[in-house]
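What follows is a group of structures, each given as structure tokens.
Consider the two complexes below, in which subunit A is the common component and subunit B and subunit C are the respective partners.
For the complex of A and B:
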């Protein structure tokens, strides 16, 4: 994959240092490990009590349409599985343990802040970027509104402001990136969680913590940290008391999604050689056949 | 009449009954387009967070690009491989491509939430070499410019030595004349560079369109999810190029009461079964290797659509066009060409819509009336502009010895004729 770094687009983009940083991270794949300090959150659905305070805190922190904190105590919303949308970056859903349907687990859903985000790889203008700190952030100013990111996301997270005619934006959890840049601040949802179902920290540390929780009480958890390998690894990780297949988290392999297209893409454009070779070849054919034709015409005239 | 064949302006009235109907449809389409701009995508379409792409992408953009492929395949055949007899179809194919891509962009703008940022991919600070869409966008943008440059000689031919601007504007006659002379000198020497570039750019983005959905492995139906999708897209685009030329040429000759260029058309039709055959072999081989045959018989909408796409759109035209009787009849050619066009368009619709299975669907997507009106309106508008151009520029070649309908003199044609500014 080393050669892909020399690919034309990136060479030409050398002028823009910030973009280079973003792309180097995005294109080097498995070889370049994630920044070891990259942040994440561990969601423990066994510890989660489904209070929905995180929903309120998120709406509040991101100036999303909201209600009193009290209104979020309403449990009737659990009747169906909700999805995050343009007006709510996170929602809490409930699912039951198939072995014991009376046992309910609550699961908070939001952007997973993938290690190798498909949305960022897809984005035509780099409006979505994986920051070295961990959050996958969106720059509305760049965005052209093509919604390819929505097609690409394996968790189907990005939502769109379809009802905004002039200034629609892609909407998804920001990992409170601006809050995190302030010293000592946690994401709003983590800060409000009363039961420590959400743990914020370096992804590497969270993985260790997750496995030790499983080891400490194997009767409470399934032996699977969702997001450790899924889609090449995600910044947000999940623990559950029952098989993840019963949750709305999609079943995914460890395939790094962007690699699927980027290998094709960078193969075709390897240092811009294949297109130029095709150009040269066609030029050669054009030239030699023209000479041949002219020769024929001359002999006809004689 | 001259004995050597040369493209000529079509001496017909611009307005016919058909054109008026198309104007009506185009106007309604334009109104729907304006509605989208004023009230947003949410109000105008049935798209939602589950289905971010609808027919504007699948038909206006993806099928549009594929069906405009005649431009580059014909250019390659006639200009690069110097098959002289095909020169008569170069200009119509070029015009189709030029207008086709123009309307692809207009259609795309309707779908872009922030259409006013459409130029952003050109800014080096926003280049994103990992994005397939970035490559498609750049290639389409550059190719569109190349197509306009390739069309310039036709404009030059029309106006050189004949510029006669109306009224006070005539002081600019000399200036325009010299601009035309310079472009003529430049173009006749360097146009070949653009012709080759057009072919390379086409190969690049036709295939990359096929790479787009490879990023969504979990949302695509296995019948269409394959990593050779870019190759399949490229091959089918090449295969649909000539049928598109045939289709149009027959329609144009009927509309302008010309004799169809049967020898040329039957001759290019020979390539089609071969190209489609390779495409079919790859499709079937790929299906076999991926062990995806069971999905063909699973009885879902997807499996039926796949069967229709392959049997009607690929197998049938291969069989038909392998018969010389079919290739040598106007009707046979027209039917077979239509089938190929249908097959490739359906393939694009299948890949971008039918195969797309959102993870959390609430309802299935079906285009809204506004989406349909915009799409149909854009197609009508394309036909109208096409007619305008061939009535005013030498695009279509009149077959040897054919007498043009003398009843309609060019000077007497309607206002939609630019003869006033030509001496």
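For the complex of A and C:
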């Protein structure tokens, strides 16, 4: 090995400096600020009565196979915890208050429409996009069916039409994006909720309203707005009367999930600095090896 | 009303002077809001300097005021309300306001539902809650949410039912309030008749006396307790919940709290025993009640509002007007014959000891007693 110890340190320092520069650039690009007018929904599980009308309204608005509204009065479905699937973008589940198991809380689950969605980050063709208005929307035409989004989502929301052999799609809550933008309406679930347990509005305003409800009735609510910081913030926010650990919402830190991967993956190709640095490093090694070889040959000739 | 505005303005001036310092209001004025702690003028007034003429009171304040409890009597409440905002979709809801107001008396009165009311009047829901959620105040639900939350917060707790038809009737139905409930005065306020249990027997973990027999009916009938005396600050579902668990997880302190209101000084054995106990009988006191006394309220003889204790057995203790002339001996169950009716009371009842056996030997030397040879005719009591 002709390379000296001193040379190796010099080279590796140069290489890592260029990698770090790339990383800084990458995270700059990823940290796009959320549109202040971004919309969201506040789900007040204390006010939710578990009537399941949102489930019907969602099916109806999204042309999903559904039953008569009256069929949704059936409470026996609460016996098990259901998950949203390709035929139902939202489901209501019931959970007990750990302090008083006779008390039941109902909680609607659906796509959280994250501020920095991991699904959109994982999507290699950009079929999932966070719109400036708030909804995370899906473009079936772009989708190649890789289902990376299903793996990436921390809430395990995107579902796949496994029973559709010809044109399967990824299905999840659309936030009624078309209803919002083209018809100027509220999402279907929000519009039907009799108890107004769902409040639709700007995410910023919803956070103020959520904290104000907690302050006004601290005996009713736990002091935690789920989604305010979880996974870097979500468009849909939750209030609850008991600890969220008991619910289906996963315990998440404020870490923006795409940052975990994008820093590395985007960093590698950002501004072509890392590839150039890598080739530069290899070039230097080759150069030094050749110089050493030439030197040896010269000495042999002498 | 004029007086009220004057007072309201006075308070506001005091508040301005105090600059948001703790508001101390004079006691005893029912129409004035009773506000605890610090308060900003703008909570109630829209202008900078409210005056008597222009108090500029907010229609919808966002500050809980407890004046609703003291300043408004149940009689002022409207009897029933017709909620028909969406009469084209659903049949109008006939809301029995007075009965609900009566039930609210068991809790925080009007403010149970009318959470924010400006001084002087209680606005209906729709004065503050708009048809749609106000985008500038997302904390406040719209009218639909406001109505449903008020109704369902209690109704779903006991029925566990959220079907629309609980309140909204299909077009062929008839209004719910037309069922003609018997508004009997049970809790001091209108409430349909409540069936109370005669007794409750508890099996407790206390080893030396696991059985506690609570004479529920006795506490109502004998001691004159009203429901609210023990069942205070209990929500509707405490009684109405159809799925209420038989056992509740209460601490030892919570379990005893309701009894301790009266029985604090008593020993454990007052309630705890190894077997079920019979209810109270006046025979235990050594004074079996005659059929007349048996029918009257405890408080007719025992002083009202005090712990029941031994009272004098002298008839005149209660029957103060009785004397030799007007006393009809027949009420004792013995109608005196003519001879004995002529005599003085003390001839037979020595030293006016009416609860002791009468003395016969002063006149009769054949050893007779009032039992063996009654001095008259024994009466049949009406209740026997």
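Here, the second predicted complex is superposed on the first by the 241 of 302 C-alpha atoms of A that agree within 3 Å, B and C clash if a C-alpha of one lies under 4 Å from a C-alpha of the other, contacts with A are read in each partner's own complex, and residues count from 1 in each chain.
Definition applied: a residue touches a chain if its C-beta (ideal position, glycine included) is under 8 Å from a C-beta of that chain, and two chains touch if they have at least 3 such contacts.
Just so it is clear, the model here is predicted, and its values are computed rather than measured.
Visitor: Check the residue A:102 against both partner chains and state whether it touches subunit B (first), subunit C (second), both, or neither.
Guide: In the superposition, A:102 touches subunit C alone.
Visitor: For A:36 in the superposed arrangement: first (subunit B), second (subunit C), both or neither?
Guide: So A:36 meets neither subunit B nor subunit C here.
Visitor: Touching A:184, do we find subunit B (first), subunit C (second), both, or neither?
Guide: Touch partners of A:184: none, neither subunit B nor subunit C.
Visitor: Kindly classify A:278 by the partners it touches after superposition: subunit B alone (first), subunit C alone (second), both, or neither?
Guide: First partner only, subunit B.
Visitor: Taking the superposition on A as described, I'd like to know which of subunit B and subunit C A:200 touches: first, second, both or neither.
Guide: Second partner only, subunit C.
Visitor: Between subunit B (first) and subunit C (second), which does A:65 come into contact with in this model arrangement: first, second, both, or neither?
Guide: A:65 sits against neither subunit B nor subunit C.
Visitor: Compare subunit B and subunit C by how many residues of subunit A each one touches, and report the one with more.
Guide: Residues of subunit A touched, subunit B against subunit C: more for B.
Visitor: Could you tell me if A:252 is touching subunit B, subunit C, both of them or neither one (first, second, both, neither)?
Guide: A:252: touches subunit B, not subunit C.
Visitor: Considering only the defined contacts, which subunit A positions touch subunit C in the complex?
Guide: 42, 47, 49-51, 73, 75, 100, 102, 193-197, 199-202, 205-206, 208-209, 212-213, 216
Visitor: Which of the residues in subunit A end up touching subunit B in this complex?
Guide: Within the complex, subunit A touches subunit B at residues 7-10, 12-13, 15-16, 19, 23, 26-27, 81, 83, 85-86, 118, 121-126, 142-148, 150-152, 154-156, 158-168, 248, 250, 252, 255, 257-258, 260-262, 264-266, 268-269, 275, 278-279, 282-283, 285-286, 289-290, 292-293.
Visitor: In the complex formed with subunit A, which residues of subunit B make contact?
Guide: Residues in contact with subunit A: 37-43, 45, 47-50, 52-53, 76, 79-82, 84, 111-115, 117-118, 120-121, 124-135, 137, 192, 195-197, 199-200, 203-204, 207-208, 211-219, 227, 230, 356, 358-360.
Visitor: If we count contacts the way the header does, which residues on subunit C are in touch with subunit A in the complex?
Guide: Those in contact with subunit A are residues 133, 135, 137-139, 141-142, 144-146, 148-149, 152, 156, 160, 162-164, 243-245, 249.
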